[in-house]
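Here subunit A shows up in two complexes: once beside subunit B, once beside subunit C.
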Partner chain A sequence: MSSTTAESGLARARRGVAPGGSGTAPGKRKSKLSAQATRTFFWLLLPSVILLVLIHGYPLIEAAIQATHDGNLLQTGNFVGGENFATVLSSAAFWKAAQFTLWFTIVGVFGSWLVGLGLALLLRTKIPAGNTFKVLLLLPWVVPIVVSSTAWNWLVATPDSLIPSIFRNLGLGTPLFLADPTLAAVTVMMFKVWVSFPFMMMMTSAALASVDNTVYEAASMDGASRWQQFTQITLPLIARSTYISWILMTIFCVNDFPTIYLLTGGGPVNATTSLVVLAYRTVFQDFATGPGVAIAFLMTMTLVVISVILYRQIRKSSVE
Partner chain B sequence: MSAVLHAHPESGPALGIAETGKTRKVLSEAGMRGRWWRFVLILVITAIVLVPIMVTVLLAFTPGPNSTTSGLTFENISNVFSKTLAGTWLQNSLITTLATVVVSVAVAAPAGYVLSRGRSKAVSGYSLLLFVMQSLPIITSVVPLFILFAGMGLVDNLLGITIIYVGSTMTVATWMMAAYFDSIPISLEEASWIDGCSVFGSFTKVVLRNSLPGVLSTAIFAFLLAWNDYLVAIVFLRSNEIFTLPMGVQSFFQQNATDWTSVMALAVVMMLPPIIVFATLNKYFSVGGIGGSLAGR
Partner chain C sequence: MNVQSAENRSFSRRGFLGLTAAAASVPLLAACGGGSASQGGGGAGGSIKFWDMPWATPAYNDAAKGIAEGFSGAKGGKASYQIIQWANFYQTFSSAIASKTGPAVSTGGGFQAFQFEQQGQIAYADKVIEKLKSNGQFDDFLPGVLDPFKSDKGYVAVPWQLDMRVFWYRKSLFEKANVALPTDWPSLLEAGKALKKIGAVGFATGAGTGNNYANHSMIMMMVNNGGGVFNKDGELDLLNDRNVEAMEFVLELVSNGIVDPAAVSYTTDNMSAQWKDGKAGFGLFQVNVPQRVGDTSGDLLVADPIKGPHGDKATIVFPNNIMMYTNTPSQEASEDFLVYYLGQLKQLWQKKLMSALPVFKSITEIPEFADDPNNVKIVKDWQPIAKTFASQGNTLNANLAALDGGQALNQFSQSIITGKADAKTALQTFQSGLESVLKK
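And now, the complex of A and B:
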């Protein structure tokens, strides 16, 4: 680099590295700089690529192999083609888990979004000690799931726990929050909303902060009601960020394991078994590696297709 | 965070020119009532939301079933450390988490720089690849990695889970770094190139030196992920003395009668580090940043 003169350094930078650089100098120098930048970029990216291949790429290929073999955790076994997939797709447990995952995701995404949006709107107004509340309300998201699921367990698990006792004392019967299949599913979803709403609150707050207040003044002069202002100004202005937060939360919900597994273990009678929990139990409790990996693989393929489509849409909307 | 507080429609001074002093006073009284009404509302909501956390803290300091003390006590916490492997678990969790944080940033920062400054087809392809990979369930990688790591002696090993944590934080961490680098004007690097600095030199000496908030928010993200993980730990960790804290807390449940005060004591130990990190560094961390990095890429 000692031979680089000041001007050529700058020119090289403009043309070779700067995004959208508009340099118009001779191509010779450009390629020289680009070559240096490309070489540096290669080395900077290399550790990341190695990790991606090791932790994501290799397992994906290996998973495809395992899903088509009848092996176990020690050996690959014999090639059985699509047999594992056929077993999985024809089992009632798989479809039940798929159904639960769907509901869990829908409630998790929109439940946490509605709560997060409501709180973000409330905290946006002037409230004494508003910032303190903001930090306190982030706690469910910051506290480890292992800790919060323990606390939820203590609160609802047995008929003598605090919350069922309160219901009983109010004459509302003794709800079995984790023993009744339907109620257990509802409890798990409520737990997920409790864990996730701070994330939505933060995303929405950040989006609301960038909305210009003069818009509202103009709208109220034109006689727009609060509700009209909300639906026709606020929501459209934060639509992009909302869309992204929905996508992220969908991924978090579909892939969620601890929230469900630590609260109910997937029970009672598989009522709260999601696809990830089912895959985990099939591999590590039933020791049916092939079918278990097949479940994970089916999820993976679905998510690859969905995320490529969503990625394109995000890119498209950010260009606009 | 404070920026959000300025952005509220109602609190600005009324703009009407014809407004008299009287109506203005009435308005502000109504405004004050609204403020206190909202204060009470948010107070009640926060109190309800925090019940599980308050219960955890309260039980952790309540004397256990065999205790002779009354009132609040540190006995449970000292017992957990003296009678169980809590100290070892805490140490294991700290080691894996800190290693994950350092290595994630060390891998993600250079990669993020390439994503931010490079504009070739390969770079944007890599960006798409990172997005797809972060959306996949870890369970898919876990089984093949378990078999691979078993052959290398990395099962039931802290190094093994650290490698997986780094791999799974790396995707989002790279994006967060790239989004931060996008906000650093390239003119700073150009100035260093004039002084004869190489691309790598300008990255470390100019860009990285000005990226403390970006590095910190990426570090917090990696910290939370590694500290809170349960799925990787439950698959890869087998022996008591290799457990991280989540496994330690869970191991208390396998005994017949759960000793709630001990569980909660350990739970408090486990939730303190993320709360401390978040309380001290929370201005650097905005989830908006994660979303923003997704939008900007």
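And now, the complex of A and C:
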């Protein structure tokens, strides 16, 4: 093959023209392909889009209708505009629940992340039966919440339960973990951390597994301490996974109904009532559908805002 | 230092927002979803669809199913049986009724019939009452049990069992404390103090998840003092003097440590354990407590009703009922089924499957029921003084559903048994809370 032929062949190849082909202008061909691909993608996506609209759109529209009417679960009732939102936003119970939800989420997200991160780092080191421990540590996440909440109730509910008995025997009095408003809030948050840390541990373990050990070797050779390696290498390298896990755990915490409801029912005297528990009780115990759904709407809006903020953090970490 | 993989970069904003929206819409879905799907009112072949709750052990539902399926209507009609779980039961009924897939006849929540009546979904039971009059069952009802169901338009439902609240006590604890059984409020206070000295509870109750006994205890004490949530015209009247006096007395029990300080978080299981373990000396509970808590030693007994400071004696009762719906393959068949089912109820008490009082005198006389002296005492001493949640009014209504188990009552009970508020403040908050949710 002469050099001229070779150059011409390479040029054709770069343009995507097969040997013997005449070769249309690359722009036109791309445009034609693109239009075809768009149509194909459209038809392939259509069933999923319809499904998503049905699954999410219909309830959202129905909820919007309920939130702006004074009806019940059977009848739509009269249009009241933003009255239900005004009622909810002017209610002390709503703001108390919002405050608890905020604390519950902060402790739930960062508490479970810290425990999960610590265990993930520990399990990364070579310890005997590490995989067995990993499986055992998943149990709080795997066990149905009804079972674990019953177990926690047995541990703390009465003065004769195991944990208060231990405190008593240590001369620390008999704390009423579910009867005292502050202790009940702390107990529910601890329960959430206990239930959620395996998820964080798995997310972090997966992120840590993708970090190349040679990075640490290089850092060691450069004289970086363990702490410097952790803060300057490990945390930045798993930042994306961390932000995603924070977003997901924030959503899990804000939407968490069973953890709270099964352990305290939102009591004592609303001390552990979160927004989702308040929404449930408003709709299904007070039968006030409009205000209850309005609470759910406000929660959803807040979650979207929080998620967008955290998403930006992910983008930022990508750029860095 | 940062390392990014191509895979990570493919994580798009749109994809992320989709994921977020899906997860974030959970509460909205939860608020709107639910229900079941099957044929409305009638089952396969136009049979009457009967929905029932798990009122007792699974053996109860087996027996009730047998009774329902034994129905044979005048035109050869049959009935099908379905258990509906208590969890989110109102949601289940609502969505089924809204989609015309609900039952033709059902048991359910104590005030459910009135809620659905308000929404035009209930078929009145006047013709059933006529049939009961003609077959003699009408005269068999215990006194006063039918009256709360009569509205201006007709009978909204028919009662079939009475969920009674009565005082129970553990005999051995009173002997150990060397104190007499209370007969009035001052002696209840004294007995409580004596029981406390031996480490027992003198006013056992609970207000934890799903436990309404503290709510019922509060209303019972108001009613026991001639008060109640409503006045005789059915209007909210929580701040009357009798209620204030009753709550001040309960707060006195609390301040003397006669109410367990942890009771605010007790579930019914925690409460039952307290009775079983010999910690509870006296308190309000339901029928059949020994069987419920698993203590058949004969040490747990029904106490006498106690007298309030003005001489009133009363307790509260929830007349559970069977209702018919307008969505039925045949109203006549629904009525025939209900008359048939009421006629077969005796079997359930003969098999000792029920944890409630029967509504028919004849059932209270069967040996399987009357052999238990606690049952006899409840029928003889407590049933005649029992009043409903509508007290001081008489007729049940839809608003009572938001009272029983609603946030206002629950918060009120918890604030009283923790002693966090004085009687008037707690009642004022309760009244405001109820006013905001009760339909005018």
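Operating definition for what follows: the second predicted complex is superposed on the first by the 249 of 320 C-alpha atoms of A that agree within 3 Å, B and C clash if a C-alpha of one lies under 4 Å from a C-alpha of the other, contacts with A are read in each partner's own complex, and residues count from 1 in each chain.
In this section, a residue touches a chain if its C-beta (ideal position, glycine included) is under 8 Å from a C-beta of that chain, and two chains touch if they have at least 3 such contacts.
Bear in mind the structure is a predicted one, so any value in this text is a computation, not a measurement.
Engineer: Thinking of the overlay built on chain A, is A:47 touched by subunit B (first), by subunit C (second), by both, or by neither?
Structural biologist: First partner only, subunit B.
Engineer: State whether A:68 touches subunit B only (first), subunit C only (second), both chains, or neither.
Structural biologist: neither
Engineer: In the superposed arrangement, which partner chain does A:196 touch: subunit B (first), subunit C (second), both, or neither?
Structural biologist: A:196 sits against neither subunit B nor subunit C.
Engineer: Give one of first, second, both or neither to describe whether A:262 is in contact with subunit B, with subunit C, with both, or with none.
Structural biologist: It touches subunit B and subunit C both.
Engineer: Once chain A of both complexes is superposed, is A:179 in touch with subunit B (first), subunit C (second), both, or neither?
Structural biologist: Touch status of A:179: second partner only.
Engineer: Contact-wise, after the overlay, does A:119 reach subunit B, subunit C, both or neither (first, second, both, neither)?
Structural biologist: A:119 contacts subunit B only, not subunit C.
Engineer: In the superposed arrangement, which partner chain does A:101 touch: subunit B (first), subunit C (second), both, or neither?
Structural biologist: neither
Engineer: Under the stated touch criterion, name the partner, subunit B or subunit C, that contacts more residues in subunit A.
Structural biologist: B
Engineer: If we overlay the two complexes on their shared chain A, which of subunit B and subunit C does A:237 touch? Say first, second, both or neither.
Structural biologist: Once the two structures are laid over each other on A, A:237 reaches subunit C alone.
Engineer: Looking at A:281, would you say it contacts subunit B, subunit C, both, or neither? Reply first, second, both or neither.
Structural biologist: Touch status of A:281: second partner only.
Engineer: What residues on subunit A does subunit C touch that subunit B touches too?
Structural biologist: Of subunit A, residues 52, 56, 59-60, 62-63, 66, 73-74, 211, 240, 247-248, 251, 255, 257, 261-262, 276, 279-280, 283-284, 292-293, 296-297, 299-300, 303-304, 307-308, 311, 314-315, 318 contact subunit B in one complex and subunit C in the other.
Engineer: Using the touch rule from the top, collect the residues of subunit A that touch subunit C in their complex.
Structural biologist: It is residues 52, 56, 59-60, 62-63, 66, 72-75, 93, 153, 157-160, 176, 178-179, 184, 210-212, 215, 232-233, 236-237, 239-240, 247-248, 251, 255, 257, 261-265, 267-270, 276, 279-288, 292-293, 296-297, 299-300, 303-304, 307-308, 311, 314-315, 317-318, 320 of subunit A that touch subunit C.
Engineer: Which residues of subunit A touch subunit B once you look at their complex with the stated criterion?
Structural biologist: Contacts found on subunit A: 1-2, 4, 6, 9-10, 12-14, 17-20, 36-37, 40-41, 43-45, 47-49, 51-52, 54-56, 58-60, 62-63, 66, 73-74, 119, 122-131, 133-140, 142-148, 150-152, 154-155, 162, 194, 199, 202-203, 205-209, 211, 213, 216-217, 229, 240-241, 244-245, 247-248, 251, 254-255, 257-258, 261-262, 276, 279-280, 283-284, 289, 292-293, 296-297, 299-300, 303-304, 306-308, 311, 314-315, 318.
Engineer: Any idea which subunit B residues touch subunit A in the complex?
Structural biologist: 1-5, 7-12, 15, 34-36, 38-39, 41-43, 45-46, 49-53, 55-56, 59, 106-108, 110-111, 113-114, 117-119, 123, 126, 128-148, 150, 163-164, 166-168, 170-171, 174, 186, 189-190, 193-201, 203, 224, 227-228, 230-231, 235, 245-246, 249-250, 260, 263-264, 267, 270-271, 274-275, 278-279, 282, 286-288, 290-292, 294-297
Engineer: Can you list the subunit C residues touching subunit A in their complex?
Structural biologist: Touching subunit A: residues 1-5, 8-9, 11, 13, 16-18, 20-33, 88, 90-91, 94-95, 97-98, 115-116, 119, 121, 207-210, 260-267, 269-270, 273-274, 279, 401-402, 405-408, 410-411, 414-415, 418, 420, 436-437 of subunit C.
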